Structures are given as C-alpha cells and as structure tokens.
C-alpha cells in the first residue's frame, strides 16, 4: 500500500481544515467500512459555494480527499458541485491504493449531503442527521467520547 | 534524512556480528548441507552447530528438538496445524487467545473450517490472558493450547509458565509464540512448560526469512509441507545455511546480552522516557498494554479523537518510523484486534500508535518523536470533528 | 585443498552481483516492507521491483502473477496442494510423473491419503515423459497435471509445452517444477501453457531460502499457511526482502546470460568434455538421461559393478564435489527413484554419479575429475564381487 | 549423515580387498535393505585364521567395516572370530551414522558364514549359497550383469 506523491503533498499542505461557524450547509457522513467520519461545511452565496471546510476523523486518504474536494468546489455553483464524483477527486490526487478507494466516497457524499442540508435549510426543514452506508455494522464509538 | 527507526517489533536491523557470521555461507562456503563431500559436511556442521546454539537459547536439552523454518509464521503454522493434525485422535479442541498474531489466529480459523473447535480466550484491559480462563476452557477433547509469550502490539507479557503448568498437568500440548519475547528476555522451555515454541530471527537482530520451532521430544507434530527428509522430516527444502547461521548468531548475541543486561536497561530507560514525554506533552492519551509487565522496548498509546495513520505519515515527514496496529496487517481497515479485545472502542483503537525500540535506539530518536508528535497530534485533532465537540462540550 | 565443485544441481555459488544487490537490504535498508513510513515503502518498492523482474523472467504479463516463497519446495507445495484444495470441486485426480522431485511426489503421496487419486506416469529409458501418456491418463475428474521442466538428476528436459497444450485444451491446471530449468534456458509460461511454475533462487546463483511461484491470473490456489495478508494472501510472513531482491537479481543475471549465451556454451562444452573423457577412460559406463535434450550442465553416468558413495568419497579426497542420487535424499538407502523409473536395475542405479557444472566450472575442474575418477573406479571395482565375476566369466 | 574420521581413514587406506583363491571358507552375504553384497574369504590353518579378504559391492560403511573386520580376525582362532559382533567393529571405527548401522551387520554375518562354510567343507558338505536377511524384498540385479 503506497500513497501517491500528490496525496502526500496534499496531506503535508492541507487546506480548508476546520469548521465554518454559521455554515449554510453541513454534510455529516460516515464510512461504515472503517467507522470513519467526515463533516463538510459550506457557505453559499447566490447559488455559489463561497467557502468550504472539512473536519475528518479518518485515514490519510480520507483527509487528503476531503481537502482536495473542498478546494475543488470552492467557487462552483451548487449544481456543478453536485456533479463532483469521488473518481474525479481521486484522479486529481493521482489515484489511491485500491483498498483506500472507498475512503474517497466520503468526500463526494459529504459534499452532496452538505448541499442537501443547505437546500433543506432554504426550505425551512430541520438539518440532516449524519448519514452512513448500509453495510454499516458498528457505531462510531469515537463520537461518544 | 536521518531515520529514527522505532518499529523494531516489525523487524530489526541485523547485528553486524550476525551478518559477519553469515557472510562465509553467502560466499565461499555455499555448499548444500546435504552434500556427502567434505565441503557439504562443513555446511552440515554449520547447521548442526547452529542447532546446538539455538537449543541453548531455548534452554532445550537436545538440539534435535529444534527445527529451522522460514520464519515465525511458518513456525506457528507447523506448531498449530502440525500438532492439531498429528494428535487429532485425542480430540479436536484448541484453546488460544483473542490477541494472538494472525499467524496463530488464522491457522486456528482455518482449522475451524476443517472440523476443529477453537476457544478464543478474552484478555483483561492490559491485554493479558488469565490462566484461570485457560483452566476453565479445557475440555476432554482439548488437544492444544497456544498462548503467546509477549504480544507484538502492546508488549504485554503473558503468564505462559502458569498456563504451561496447567497444560502439562492435563497432558495437553502447549505452544507459545515467543516471536516477540525472543531476544528481549531469556526463553526457557522448561520454566514455561512449553512443548512447542516459535521464534523468528529478524525480530531480534537476525536475518529475515528464517525462524525456528522448538518441538519437545515425544511431542507429535505432522509436517505441513512435503519434500525431502530435511529437519527431522518436519520441514523439507534445501537448508538456508546462511539464514540458519544468522539465526543462531542472533541467539548467541542475545544470550550474551542477558548476561550483561546494560543494553536492555538502556532500551527500557529510553522507552520510559518516551512514554513520560508523550504523557506530559499530549493530553487525552491512554497507554495500551500492561504498565509494568511489558517487553522492555514497546510503547503503545492511543491518542484520542484522531487516527493512527495520519500520525504515522506526519511523523514520517520527520524520518520517524512507527506503526499503528501490527505491520503485517497494515492496509487493513479494521482497528487492531488486540486493542479491541482489550476493550478499546473503535475510535480509540484507531488512534493507536506503537513505538518499539531496539538496542540501536538513541536519545536523539526519542527527542525526535517528542518534538514531532505533539504538533502532529494538534494538527489532526484540529481537523477532527470529535476533538472540537469534546473541547466545546 | 582446492575445491572442484560439480554439484550445482544441488546448489550454486551466489553470483557476486546477487550478493551486491542484497547487501543494502541486509544492512541499512532493513525495513519491513509493510511499514507505512517511507523507509518501509522503500523496502516495499524493492519487493515490487523484484516481482516485476521475476515476472519478466517467467515471461508473465503481470507481476501480480508472482508470489515469493521460501524455496522450490514451498513453491511446489503451494502449487500442488494449493491448486488441488482450491479446485477439489472439479475433481480429485492428479497426474504427475514418476521422476518428479520429492517436493512434488511427496505432496502427491500425502494428497492420496487425503482422498485424492494420483497417476504417476512412467518415463522412457532417457527419463522423458511421453505427452501421449498424459493424454491417456486424463479423466473427467483430473484437476491438476504436474510435470517438471527438467529433471534434477539426469537433466532430461521434458516436453512441457506439449503437455501444457494438452492440459490447456482440457481446461486442466498445469504446474511445472522449473527449479532445474531456471537459469539454464529461458522459462516462458506462455510457450509452456503453464498455469503454475516453481523456481528456487539458489539453483541459479541466487540465495538459499527463497523461491517464487508463478500463478496464472484466474487460477485458484489456496494458501497452505495462514497468517498476515502478504503475497496476495497466498503466502504469509514478513517478506524476506534481501532474499527476494537476490532472487530477482539472479533472474536478471540469467536473462542477460540468455542474450549472450557464451557462458552457457562454455558450460556445455566442458560438460561434453567431461562426458567424453569418462567414456574414454572407464569401461562399462552408461549415460543416464537424454543424450541431447538435457540441461547443459548435467552429466549423470552409472559406473557398473560399483556403488556411487564410494566414488563420491574417493573423489572428495581430491576436493571434488559430486553427488549420487539427489542431494536431498542422501542418507537414504534406496537408489534413485528417477533412475529406477528409467528402467535401471538396482545395482546400476546404485552406481550412478552426477556431475553438475556451473558458469564457474573450469577446465581444471574437469581435468581433476578425469584424473581422480578412473583410479577410484578401479579401486572399487577391484573389491567388487560382481566386477571380478564379470571379467573372469 | 557424516562418517567418523576413522571410517574415512579406513576407507582411504583399505586393507584385505580382493579374493583368496582356494579359500578355506567363503561367506557370501547380502543386505536386503539396500541390496548390497559382501563376500568374505578366509584361509584357516590349524584352527587359526591366517588370511582373510573381502569383496564388497556396497556403501562406504560396508566397505570400511569389511576391511576393519577382516583385519580384526586375522590371527584369531575360528572360535574367537565367531564372537566378533558388528557392534565391536563399529566401535573400532568410532561409530557409524544411525542409518548406516545396518551395513556393519554384513561384516559380522560374512565372517560367521565364511566360518560356517569352512566347517561344512571340513565335513565334506557342499558350499553355502549366498545368504540374505528375511526382510529382503528385491533381487540383486547387480549380480545379473
């Protein structure tokens, strides 16, 4: 198992870590396979994502892809951001080891969910709870601490 | 970049003396130990001398109780599968623990598919098996007990002498995986009441790709591979003469070190410094493993709210080599089965990091960790959703 | 005393280049290839580069088709037991030959006890398997055919390409033990239609204790040992990085030698000189093995009316290393199963002696044999009851 | 498997090889385990073994023990020679590898049989045929050549 230079570079020089207070949308997603968690925060102005940050409890692949993804969608329209796939993020990082591909799904899902949350808020609905895959077989004990 | 190698439970640097002992057999004395000519008999003598030294290392009476293998994994496989198959007439129940190395656990799992029943004993919060649990698990059809001497991830030392005594009393074969004990403290098959004991040379300054298995006289073990009549018909294949010589030299270097334990004391002193420094500089850290009764070189901690891999990579940027979970399962997504068995939750188990020192470890290596780890932890915690929740809570 | 080493089918001297390639991994680059840190990734790269080179050596498409093992014996065991177990649903009949190495034969014999049926094909007087016999032996439940590429005792080269084609046509897995072919001529898994191919590094100037197995993509093979997830889950245990690097270097040295075959031609020339000299100087000698289609370095003769061991010891007095029967069964009383399968009677089989040359063999070595062997034979014949009877008859 | 120095020394400097024409007794024995053969020739004068030779088709252990044994009984009375055991011969050679112990039985048997043959001849009986162990499972193809 070896990460690409790009992943290492990205992990060394992370961007967009942390939370956005008063975010317009928050996407909380969890990875059932490994129990890892990613929260994506977006600020939206006029249909355009003006800011985007992440918090990730996860592996290096999860952290690097969340940084990459948040960078990518900054300045995008919400519609455009919905089209971002984990595959494109992985490609931007020169690939991931096969057993780490699933980690990149978190970033895609997190963005989608943050946008969904934003849309719900706009409609006055309550915020979305954290989402997890179906194959999920254990709780996020980490959260309980 | 200067390397600060703190992953000696994964593998060690070979001792120069070991390499020196091996060199003739990789150059001029290349003969096959089965050759009838003197040149081959010289190789045979090297192998048999190595066997005698290795027997001493185990405190075994008879060199014929030692067979050489390709490593700890093969030793474990021969011990467990070999003993289970050879003694199946007695019964098909095996007792082991939840914290064994995969070379033990996965053989047991394979045997379960072949009609054996296996009891996996729990451990306490320090990762230690309770001999009483062993006693209780014994059934009339129990044929083998396999409990490791010291754990690779936590360093916790197991009460193998007591367990061995229980096994002996009940006439059950007792195997101990001493791969992590070897070289750190003396292994004594008599004191341990052990019938089968595995070691792997590269874990104590010997070469990779060679191990040994002690098989007490009279204990029946089937071969798991077939071929020529090497190693008392228990392990076929042309003898790896340089590897075997290297293993024996690692044994004799270790035996010398036990006589003059300065190097061992130094390892422990540095390990304790590292431990104290980490607990001083980083909040919300817990020690994994027994606080005292632990191999001298091992420090496993969980840094809460973050994961191990990020720490490892961040430390790697500073040339520090450490591990998270056991090296041979890295790439696996599950947190360490050892830590889970000790009762850690998934998150905390995921946040574990293991430093394992060697006689080559210096104060400088420790300083490097104490300099690099706190900012790495801070960086990762700052992006962890759980850390913020905790602080703001 | 100067050594005249003529037992290269038992083992070879490591090539200096091989040792040189291994040295960094026995000293500074000692990391475990599973370490996540760069230092470990360097070791991983060394292993994966070695895998790519080894794949080329086999003319395999994909490095993932190569796994590293502890030697030829383990490669054979994984291939045969692993394929037999993994494909038992298809059937439990195996076809092999009477002249295989014990690492193949004895796995087959063990499988017979476990419910498999094995057909041991005969050979002709040159020790060669007939592809027609393979065809005839195939049954609907035939799951595996294992025929060696070249025999270790006689050097006779087997028609593996034809046999592989038959197996392929019938969708039967085909394994070939190429331990004695490796390094002597190119191994091409495609031309051979082989699904599984075993090699052992120390037979062609590589280190002892390491081998490889080619496993064609899609061919199911069960692991025979359990442990960590190394080697594509087919072979657990900490990778023997120096050994693996050494094996790959031996492969690349061999590939170079095929491009410029001078060294091979020299070996054959010296072997032919030795053969001619023996036949000229000693009456009543017969050649064992195919006169032409034989590995370039092997000469196996039976000196009638006497036994091999006496010749070997007598030659040893002059520093000559040769063998009688295969090295790994010396100490056994039975004459070579290979020679018996070729139709030799017990006495003649007992009188066999094998010289196996290497690229390091010199004219001087040959001269030494041609000087030492005739008087040794004379001495032994003079005390043989059969020799006198024959002459006086 | 390793021979002692003494065995090697003996094999290097063999004595008593060959046959005695007009021997007073010939002991032809075979080893069923390995198919090897030993012929012991004795010359007896006045109840004393004055000469003794051997012919052996066999391994180094067989050759060395036959040389040792023939040496030993030269000058002995026939009765004394009958007491020679393979064990004593092996001891004189500093032992044999365990798997080669059976070879030394040939020498003891050969002597005994040669003496038996001598005794029969004295009584005018026909010479003894070659003797083999019971466990014997294959012929001496070597003889047919």
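Observations, loosely collected:
The letters A, B, C and D name the chains in turn, as written, and every chain counts its residues from 1.
One rule holds in what follows: a residue touches a chain if its C-beta (ideal position, glycine included) is under 8 Å from a C-beta of that chain, and two chains touch if they have at least 3 such contacts.
None of these values were measured; they are calculated from a predicted model.
Note on connectivity: the fewest steps through touching chains from chain A to chain C is 1.
As a whole-number value, the distance joining the C-alpha centres of chain A and chain B reads 39 Å. Chain D has its Cα centroid 56 Å from the Cα centroid of chain B. If you average the Cα atoms of chain B and of chain C, the two centres end up 34 Å apart.
The set of chain D residues touching two or more other chains comprises 1.
Shared contact sites, meaning residues of chain C that touch two or more other chains, fall at 36, 309, 313, 330-332.
Every pair of chains meeting the contact definition is listed here: A-B, A-C, B-C, B-D, C-D. Remark: chain D residues 1-2 touch chain B in the complex.
Remark: chain B residues 3, 5, 7, 10-14, 19, 22, 26-27, 30-32, 34-40, 70-74, 76-77, 101-103, 106-107, 109-110, 200, 202, 207-210, 224-230, 236-243, 309, 312-313, 315-316, 319-324, 326-332 touch chain C in the complex. Of all residues in chain C, those touching chain D in their complex are 304-307, 309-310, 313-314, 317, 330-335, 345-348, 350, 379-380, 382-386, 388-390.
Residues of chain D that touch chain C in their complex: 1, 3, 8, 11-12, 14, 17-19, 28, 33-39, 54-60, 63, 97, 99, 138-145. Partner chain D is touched in their complex by these residues of chain B: 36, 41, 44-45.
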